[in-house]
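Below you will find the structure I want to go over with you.
Chain nomenclature is as follows: A, B, C and D, assigned in order of appearance, with residue numbering initiated at 1 for each chain independently.
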Amino acid sequence: MDLYEHMGKDLFRAHGIPVPQGVVARSPEEAAEATRRFGGAAVVKVQVQAGGRGKGGGVALVDSPDEAARRTARMLAEGFAGHPVDRVLVEERLPIERELYASFLLDRSSGDYVGLATAEGGVEIEALAAERPGALRRVRIDPMLGLRPYHLRELTGVFPPSAREGAAAIVRCLFSLLREADATLVEVNPLVELVDGRVVALDAKVTIDDNALVRQPDLAALRDRFPIDEVERRARQAGLQYVKLDGRVGIIGNGAGLVMATLDVVARYGARAANFLDVGGGASADTMATSLEVILSDPAVRVVLINIFGGITRCDVVARGVLEALGRIEATVPIVLRLDGTNAEEGRRIIAEAAHPRIVSAPTMDEAAAQAARLAGEAGP
Amino acid sequence: MDLYEHMGKDLFRAHGIPVPQGVVARSPEEAAEATRRFGGAAVVKVQVQAGGRGKGGGVALVDSPDEAARRTARMLAEGFAGHPVDRVLVEERLPIERELYASFLLDRSSGDYVGLATAEGGVEIEALAAERPGALRRVRIDPMLGLRPYHLRELTGVFPPSAREGAAAIVRCLFSLLREADATLVEVNPLVELVDGRVVALDAKVTIDDNALVRQPDLAALRDRFPIDEVERRARQAGLQYVKLDGRVGIIGNGAGLVMATLDVVARYGARAANFLDVGGGASADTMATSLEVILSDPAVRVVLINIFGGITRCDVVARGVLEALGRIEATVPIVLRLDGTNAEEGRRIIAEAAHPRIVSAPTMDEAAAQAARLAGEAGP
Amino acid sequence: MSILVGAETRVVVQGITGSEGSFHTRRNVAYGTRVVAGVTPGKGGQAFDGIPVFDTVAEAVRETGANTSVVFVPPRFAAEAILEAADAGVELVVCITEGIPVRDMAEVHSYLRRGATELVGPNCPGVITPGVANVGIIPGEVCTPGRVGLVSRSGTLVYQIVHELTRRGIGQSTCVGMGGDPVHGIGFVEALARFEADPDTDLVVLTGEIGGDDEERAAAYIADHVRTPVVAYIAGFEAPPGKRMGHAGAIVTGSTGTAAGKAEALEAAGVAVARTPSEVADLVAERLDRRATDA
Amino acid sequence: MSILVGAETRVVVQGITGSEGSFHTRRNVAYGTRVVAGVTPGKGGQAFDGIPVFDTVAEAVRETGANTSVVFVPPRFAAEAILEAADAGVELVVCITEGIPVRDMAEVHSYLRRGATELVGPNCPGVITPGVANVGIIPGEVCTPGRVGLVSRSGTLVYQIVHELTRRGIGQSTCVGMGGDPVHGIGFVEALARFEADPDTDLVVLTGEIGGDDEERAAAYIADHVRTPVVAYIAGFEAPPGKRMGHAGAIVTGSTGTAAGKAEALEAAGVAVARTPSEVADLVAERLDRRATDA
């Protein structure tokens, strides 16, 4: 779960990391009021679960409450890079001497924590890493060992001496936060040295491990604070992994890999998926009904492809679930159903006997995809 | 540093481990008074830095204050197994259902912590390990991992079910104590289950890592509470490693290994060492003077053998130190001096020029030992 | 004949009395797997379908000689369960549990680095050597003994691809579901090394997914160390961009994690990359035929 | 030609500006050892006798290619210094520091188990390959190049025995002072394995002490793995009983730790055990003569 900057900064504050004074504004009026409080000059920043705000116009330096209101109004209206925006962060403007960079993350290749630091903050860190790797200090930290004084010395050694002490205090807190909040990424870009010598986190990017939310109740509560599509909310509440796409073939499958493969096979037959939907291990009537509802709520969908390979999931249960779901909701488009694996024959027999007018059975994944593409009116080669 | 039982029990209490009520008594009167307080029956235990008290008469069950006074008087007068006794621990008597055993220690072979537990407490644990190893549960604990619930389950699984919960709480605290107090051994033998079901540590054996005393000021303060020979105290204060032995050849050397080897070589020539004395890396006039004083205070000494192999230690410095020391104190016996290694020639020249009547130079360790044995009147083969 | 699990495998099931554990224990036993012990703290001394249950893995190992553990305990206890198995001297731990916090797994990963215990998973379907032993939740019915090895990040894709192979009469030496969690045990590289050393594996199927750089590292390893033919499939050519670990994540892995990027890396290492699961089976059949012709 | 240190050794001195560090750095440099860097936090950018000083070992390794570290920092920082060297990728750490709390060393020991860094010490005199490189505080003057390896728990006994060998014209391939602390790095077994693999070591001298069970484990290893002749000396036949770790300690080590017990174990493994240091040299000379006669 990616946190909004202002949530990240709340965490920073709680862990003793200095951040600028700021106020979350949900309207132009609130933004103007906050700017007034900061003496008439402020920074207005869109709050989205995405990066690249500086370049993309998501950050505005404003010199009056009016200007803050105007920029906020536009941000709320236009969103940012396809993300809806329901709030901005209005912060005091600070006199910056130089911009630095610091981050910690869990490196999935090695299973270790990695700390990164550079004196050239504020730029795109990938670009810096590619162009001038020598400018980036990289430290591997064993998860059982934790951050040691020499790791800290190594990371902050890349900063100018004037900023080292202030930065070291922040970097140490960043690592505590990473572990205590079950984060997989904490990034400060830029970390700034002010004209008066103080070091402050001007930005905050924090990603929390979804698996750990059960033991991070405060962070888990934030999950519901992000604006989310009504359909996605419904899917999530039913425990479904749902992502909206822009094709015409609605997809339901069990297991992320199989669903992704289904998307690929549908593409192979010339059509495009309308969504990614993984029912996971369960395939009860309720699950099937919710899945169908979610998918059929997308007006672009011309056909639904249900692709189940039974392992734990039993195909007879799926078959009954689909039929029961269709008793509850109206199927407005054809449904191509492919059942394989555990109890597949039984499942196919149940479907055949029901002879539901909307259901088209397919014996293999490829034939199911071909059928679905044809029914979507997108049949290709 | 081995703690007295009552010191170990103070530590136990501080770490939440239940122990019997007890009072340290330094006189028969104090022991009688304590026994009175416990209702007239008590256990009196000598406090020494040694084991085997139960068998050796160091523990007495007393049924009256008078008996407590009598037994205490004898313990204070007679000492225990050659150790002086300056105090006893008087404890309440508890109704014991059964005796168990639990310990943790740092295993020098593997570098891991090891936990040991058995339901057959109160006996000699080496004997049990040798005779019925199956009765002893042994768990290896990685120092970075620490004690985990499954380690605890494995250790306490050897106890009868009625005692497991109480024992588990104690065993967990024992491990915390081990690490927080920088102990290399914590042992409870017996750990007892009382008739009322409570589990209590009836004994406490704790060894503290001497190297860690610098960061354990409370424990370091205990160091001076043990009764110690005046000569040993002087040696220790001068930073010398001194152990009294019962031969006639006083030994001074640099490095534990070399001093032990000197003992061996002296024995080879038919004599026996009067002591072990390691001056360590330093060999100033002060060190040499104190070393000679310490050794010459032993009336059994007939000759002193100084065996120095210079590495960091420089032989010229040693030579001057010995001469200066002999200017301050009177050498009542001959001193055989062997100098080798760094600046040995210079050192020998200094000795030769000084022509001190008590100093006999020897070119090698073997010749020095032969000379010393001869001068001690113990020359052998 | 196989890798990781085989005729010598003696399984202890951690969480044997739980609903998942008991269900799959029965299936694994029915398949012929030697399940010699179970562990459920507090239930030591009981039995499950005649299998003795112990309080600790150490006890199970001591009493039954178990050398392989399969973990079905809930996520908040699962990392501890792996550590326990490792400390008990089990050679292979297969962790099925999904949803273990990655911080816990990072600690486990660090600890296992110093010992002799191998881990498969977590969040994986397990390992099956068809006809011999099934440790985990892969449906044994879809598998058939043979000489093609399979290693997959996705669980259901193991089933799908094995099914496609079996339909064409192509049997499997061992199928490994390595799991898709960020920090995991045996990965492509370790599985490939084992298949390469297995005289009874003629070809390896590698099933990847978008995200991470496991496939890129596998490609580099194949180029340098693997002579056995490899056929790959990467799920997610059409999938929405995977979750990334932020900007810094991309630097560390040195990969953008797309299916196309992964396919390209593998193809550069001489791997035949299929675009769909059925194409995997086609490519495998073709390679095996070519090999037979060459021989 | 040698073990552990040799012509390829590039040393970084941790604590180079301290009194011990600076003194011995000069001696090691004078001996011909390639000391390429020093580390003292806060003094990065300075130089010591022309040797660049860095704030961290990682930086020293990056800038100078150091592959061996020698630690002279005070006891309360020494364990961290070893961890730092290991994380910086140094291959060998020689820790001279005496008085490190054993809890800290236990943690270090656990950490090093999983990596590629070797440790000698702590509380040791270091390692010298006579005529080539001296890493630590062994006085180079007493050594002479040759074909006898030496490994010792005691520091001054290294000097004494090397001196006895040199006096008889017997040179040394490498002398290792392993240190006498309870938890330490390379021990007898690891040193023996290296000497056994070194084509230029004809015989090994092993110098033990009372206490612990290092010598007993060495004996078992020699019996199974060592063909190179071994001559041993155990100091302390006449010494007072060594400090023991209480009753439980004796069970764990399976040894009472006496010199006689150790000598007996070694003799049972075919090792010639001397009773005094000079007898060590006699036995070595005798074995080498016999070997020369045989050849």
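The criterion applied here is as follows: contacts are C-beta pairs under 8 Å (C-beta built on N, C-alpha and C of every residue); 3 or more make two chains touch, one makes a residue touch a chain.
All values derive from a computational prediction rather than experimental measurement.
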| So which chains are sitting against chain C and chain D at once? | A, B
| task | Count the smallest number of chain-to-chain hops linking chain A with chain D, moving only between touching chains. | result | 1
| query | B-C or B-D: which has the larger count of contacting C-beta pairs? | reply | B-D
| remark: Most remote chain w.r.t. Chain A, using mean C-alpha positions, is B
| said: Report the inter-centroid distance (CA atoms only) between chain A and chain B in whole Å. | reply: 62
| chain B and chain C, separation of their C-alpha mean positions in angstrom | 54
| Using CA atom averages as chain centres, what separation in Å is found between chain A and chain C? | 27
| field | Touching two or more other chains - residues of chain C | value | 110-111
| field | Junction residues of chain A, two or more chains touched | value | 142, 144-145
| field | Residues of chain C that touch chain A when the two form their complex | value | 75-76, 99-103, 105-107, 109-111, 125, 137-139, 141-142, 152-157, 159-160, 163, 180, 182-183, 207, 209-210, 212-213, 217, 233, 235-240, 245-253, 275-278
| Footprint of chain D on chain C - complex, ascending | 110, 113-114
| task | Would you pull the chain D residues touching chain A in the complex into a rising list? | result | 41, 44, 55-59, 80, 83-84, 87, 111
| said: Per the contact definition, I'd like the list of chain A residues that touch chain D in the complex. | reply: 139-140, 142, 144-145, 148-151, 153-154, 157
| field | Complex contact set, residues of chain A against chain C | value | 2, 51, 103, 105-109, 111-114, 116, 124-126, 129, 136, 142-145, 179, 182, 184-185, 187, 189, 205, 207, 209, 211-212, 214-215, 243, 245, 253-258, 260-261, 263-268, 272-273, 276, 309-312, 340-342, 364-366
